[in-house]
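These are the structures, in structure tokens.
After this come two complexes, each holding chain A, first together with chain B and then together with chain C.
Presenting the complex of A and B:
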């Protein structure tokens, strides 16, 4: 490989990493990350310093109702702002992953503040041990309410949480609906979680919502002996989680979900088995699994680039971040979550306990129009600093570019993205048919055409 | 610990998207006849903004300035003040202007546009009126205070961005004392600064923190007619009180009881009342959550906009009561 080709490949791989571990990156950011090095960038992404963002006070000031968010709609401005501006993109991306996998539905809960608390929980522990994640979500008052553990008593256990814990949150089921556990294991898990609930709070209708809190009621907990997945003891919920996380089925299920989320919509059995091994070797350390995933030749290969459908959140916040126009919370930033909703992903309100169905299911004729219109609108913001910089980069590529060079310069300026040869040929033909390619209007028009291609729906 | 110089009186308010009640009240003012004007901020996208008018006995009267960008509407209102003729001024940080209404809520005019020039604003926030009837507007992203004439003509301005004395960092509230001294809640510098009527720096109160005399993003400042200084210590969820000499005298953390409107709501919704009883968070219910602004009356009332609890908590000042 020539030096130029090597450089191009390094940039393409880095751009790929930043699309998957975040929401994409600008051309300048890619250059900075390439200079830092691939593995070093992976480490930076995997090890964000967690804490209150410096601009949290501004967010709260301009959107005071989101401080005590009574509904998902009131909470939206908070997460929209983080998704649009966070400099810790994997922290937000992993929160989005767990938000769909360990889904709590905002409509039933009807407590925007608790939904934000849950997202913050995922930011805090989402890259750590899966045991911790499972333990903390099992003590999450919103989850307890959502899956009816309020109604699970030692004399009458409610199986909802125990069942979803096994089926959807950890061990999973196969295509035939079978898991590596029995119906008796579900019932035992339900018994072990009796007494785990959320504290009652006053209704929100006169003073607004109150923060939810977890409550363990020892008097309502089943202390009897239990047999679960082949082990017997006086198990409580924590013991159940300890047993679950040691099972290979759990390791495989989480490896599969991470693969589908970060790598490809089509599972690769060999790679998933390898990640399953990493899960078991590291006691389910999500950071270690992702390190292995991102650094693998499989992840870096051209075969998986642009073969994963962007979720609405990835498309909306990816395009918005390209504009680099959000330096202070405002009405525009607060409404970005609405765009994701229009495309089928209502953030803070997954459609059910299964979360969102991803991949090709994201796109239908209606959502496709929303996706194209939104992306074209964002890329048409000629006053936005990010768009101005992209125009400048194309102009710097030369003032007498040939159509093919012009299209390549635009693709590069947009963050080293690529199109298949068919789409590219159409754009090249268009570029060659109309006047000067050097004007800002023509450059922006090409940006908008690029985001209107089918290829742009993939990351 | 009991209060030394104050006694809790009562609370007005209930969370409400329109009509009777408030949604994130960020400012509160009394008019010349003692009517209570409350500005509900809400989230702009939720469209529950408005100025509502009620008596101190919780009799709801009317509202105006609801959501929108047309004349007579507000989108992201930040503060209110009434002039000597009870005209109501409402800065709006989305439209970068100030709308003016008569006492009944009839729209009269609006001033300003986006920009950094004279008479232009970049997210105006607090507003106060001096003894000559001149509005002073905190032009917060321009890090300055603009003084306008009663008919909206630019007179002067002071302030620049920074952390030095006399500079501002996302200032919010403003109060003008009985000698036309200007007090600014220098929000992101965690301090309150005092200026002469001409904008010359005089002194400042506070530093970052949660001890007495420290602040975490002070949003509102109010200087009572006797010189007592009230500061809404926004992220510390309290109101601190200072004497004329700048010494800290007392801290209010919220003592709310159920308002008349809340009690009526619970009376006709017994399930909700039962739910509340079962939760039993009565102490938590009393406390401020992001108190944003303060108003006082000549007869000793102290009114505090408790923005995330959708109510106005009202105290009596013992010293003023004794004089009255």
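Presenting the complex of A and C:
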């Protein structure tokens, strides 16, 4: 590989990492990351500093109704701002991952404050041990309410949480609906979680929502002996989680979901087995699994690049971040959540306990028109600093570009993205016909065409 | 009750969703019932605010079109419609009406499912057309394409794009990129076909206003009238659309109800008169049935300035082929007859869904509703 080709490949791999571990990066950010080094960047992404962000106070002052938010509609400006501006992109990306996998729907839990509390939970523990994540979500009052655990009593266990914990949150089932556990295990898990519930909160009208609290009611907990996945004892919910997280089925299920979310819509059995091993070797440390995933040759290979359909959130915040236009948390950023909703992903309100169906199912004829129109309008914001910079980068590429060079310069300026040869050929032809390629109008037009391609629907 | 449910009906369904929870008691007013005035000291309607239809019930005076439809026997009024154990959250209750599943959460819309039965191979990307941004869950089903239209004239790619001077050439280029090729390529055939369907569907829909002609003048400043005009335009273009959806609101009248509720019904009454007139001109009257519902009714007692979330409500089925009249029973309002301050329901909305599915859309209802419901004798075949 020549030096130029090497550099180009390094940038392409870095851009790929930032699209998957975050919401994409600008050309200048990619240069900075490349200078820092790939593995160093992976570490930076995996180890975001914790603590309350400096702009929380600013956001609370601008989005007054989102403080102790009553409904999802009041709450989503807060997350929108984070997704559009956070400099810790993997923290938001992993929160979005758990938000879909450990899904609590706003439809039943119409409580904006509690939905935001959950997202904060995922930011806080989402890159840590899977045991901690499962434990915390099992003590999350919103989850307990959502899956009816407050209706689960010692003498009448409700199986909803016990079942979904096994089926959707940890061990999983195969295509035939079979899991490595039995109906008796579901019933036992339900018994073990009796007494785990949310404290009743006063109704929100007219005073606004009250913070929800977890409550363990020992008098309503089944203290009897239980058999679960071959082990016997007086188990409570925490013991159940300890048993679940040691199972290979759990390791494989989480490895699979991480793979589908971060690598490709098409599972690769060998790589998923490898990540399953990492899960078991590290007691389910999500950070270690992702480190291994991002640093693998498989992840860096051209074969998986652009092989994952962007979720609406990835598309919206990816395109919006290119504009670099969010100085203060105003309507501009909060409206981005609406765009995601128009494309089929209502943040803070997943459609059910299964979360969203991802991959190609994101794209239907209605949502595709929304995706293209939104992205094209973002790239048309010629006053935005990010777009001005992109135009400048294309202009710097030379005065006298051939159509093919022009298209390549535009793709590069947009953050080292690429298109399939078929789509690219049509765009090159378009560039050749439209004259005065170097003008800002023509450059923006090419940006808009690029985000309209089927290729751009993938990340 | 089951009538001519032969599954061969090929009528079109127009859904008008009254978002926010319409106040049933001030829509169809029990104006001779003392309880009504006892519980509604501030929000009770009297005298000129009423259009009596019999010696017990009156429409809100802002519902003139509804009164004349009622007199012409073209409107079925479903009194006390609802479902067991009502939920008073907008989200949850609307979700229940959208999925027809009161006891479980589901992501499958009842009309999305109907669409998948009407057009199993997804050949027509505009079997369902929604007027509004974002998809109501009623229309959602994985794999079912639905066009969500803001305004027909501007529907499609790049329509809102400011400053794009070269739009035609851009559209031409995009159209050439979305050409499905052999399987196994990249981008996938499915994405390319979806793009093709979206572009073709958008072209068809955008063309609809050009072939449409009508004497009816829908008021410009009335959003539901504009949505219904769009529906009439798509209908007149004969594009194979069977399900139309539009929403009107917000009926969430916690405060200032007398003013807001009247305005909403004025708008709807005017819009509906235009639409029905237009359907007649387009020759679509017999084959079109309108279904109007809200996610819940409101508390029996007013709160001084408005009414809070309640349960049970009124819904309407309208059209030339509808057997007009009052259906169900007007719920009793006395304290002993209340459900936590609300009216009890007496007609399950899923019975109406079963009727609309079988006698309007010609779709077997059980696979959609996941249960067998008896149909109501509302629609002539």
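The definition used in the following text is that the second predicted complex is superposed on the first by the 459 of 459 C-alpha atoms of A that agree within 3 Å, B and C clash if a C-alpha of one lies under 4 Å from a C-alpha of the other, contacts with A are read in each partner's own complex, and residues count from 1 in each chain.
In this text, contacts are C-beta pairs under 8 Å (C-beta built on N, C-alpha and C of every residue); 3 or more make two chains touch, one makes a residue touch a chain.
Since we're looking at a predicted model, the values are computed, not measured.
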Which of chain B and chain C A:207 touches, first, second, both or neither: first
Touching partner for A:35 - first (chain B), second (chain C), both, neither: neither
Which superposed partner A:66 touches (first chain B, second chain C, both, neither): first
Contacts of A:396 with chain B and chain C, given as first, second, both or neither: neither
Which of chain B and chain C A:302 touches, first, second, both or neither: neither
Dominant toucher of chain A (residue count), chain B or chain C: C
Which superposed partner A:58 touches (first chain B, second chain C, both, neither): first
Contacts of A:344 with chain B and chain C, given as first, second, both or neither: second
On chain A, positions contacted by chain B and by chain C: 205, 338
Chain A residues touching chain B - in the complex, by the definition given at the top: 57-58, 60-68, 70, 73-74, 76-77, 199-208, 210, 328, 331, 334-335, 338
Complex contacts: residues of chain A adjacent to chain C: 71-72, 105-108, 110, 205, 306-307, 309, 338, 341-342, 344, 349, 351-354, 357, 360-361, 363-366, 368-370, 372-373, 376-377, 380, 382, 420, 422-423, 426-427, 429-430, 433-434, 441, 445, 448-449, 452-455, 457-458
Chain B - residues contacting chain A, complex: 14-15, 23-24, 26, 41-46, 48, 75-76, 93-94, 141, 170, 172, 187-188, 217, 219, 235, 261-262, 265-266, 269, 272, 275-276, 278-281, 284-285, 289-290, 292, 307-311
Chain A partner contacts - residues on chain C that touch it in the complex: 89-92, 95, 105-107, 125, 130, 133-135, 137, 140, 142-148, 156-166, 169-170, 173-174, 176-178, 181, 185-188, 190-192, 194-195, 197-198, 201-202, 308
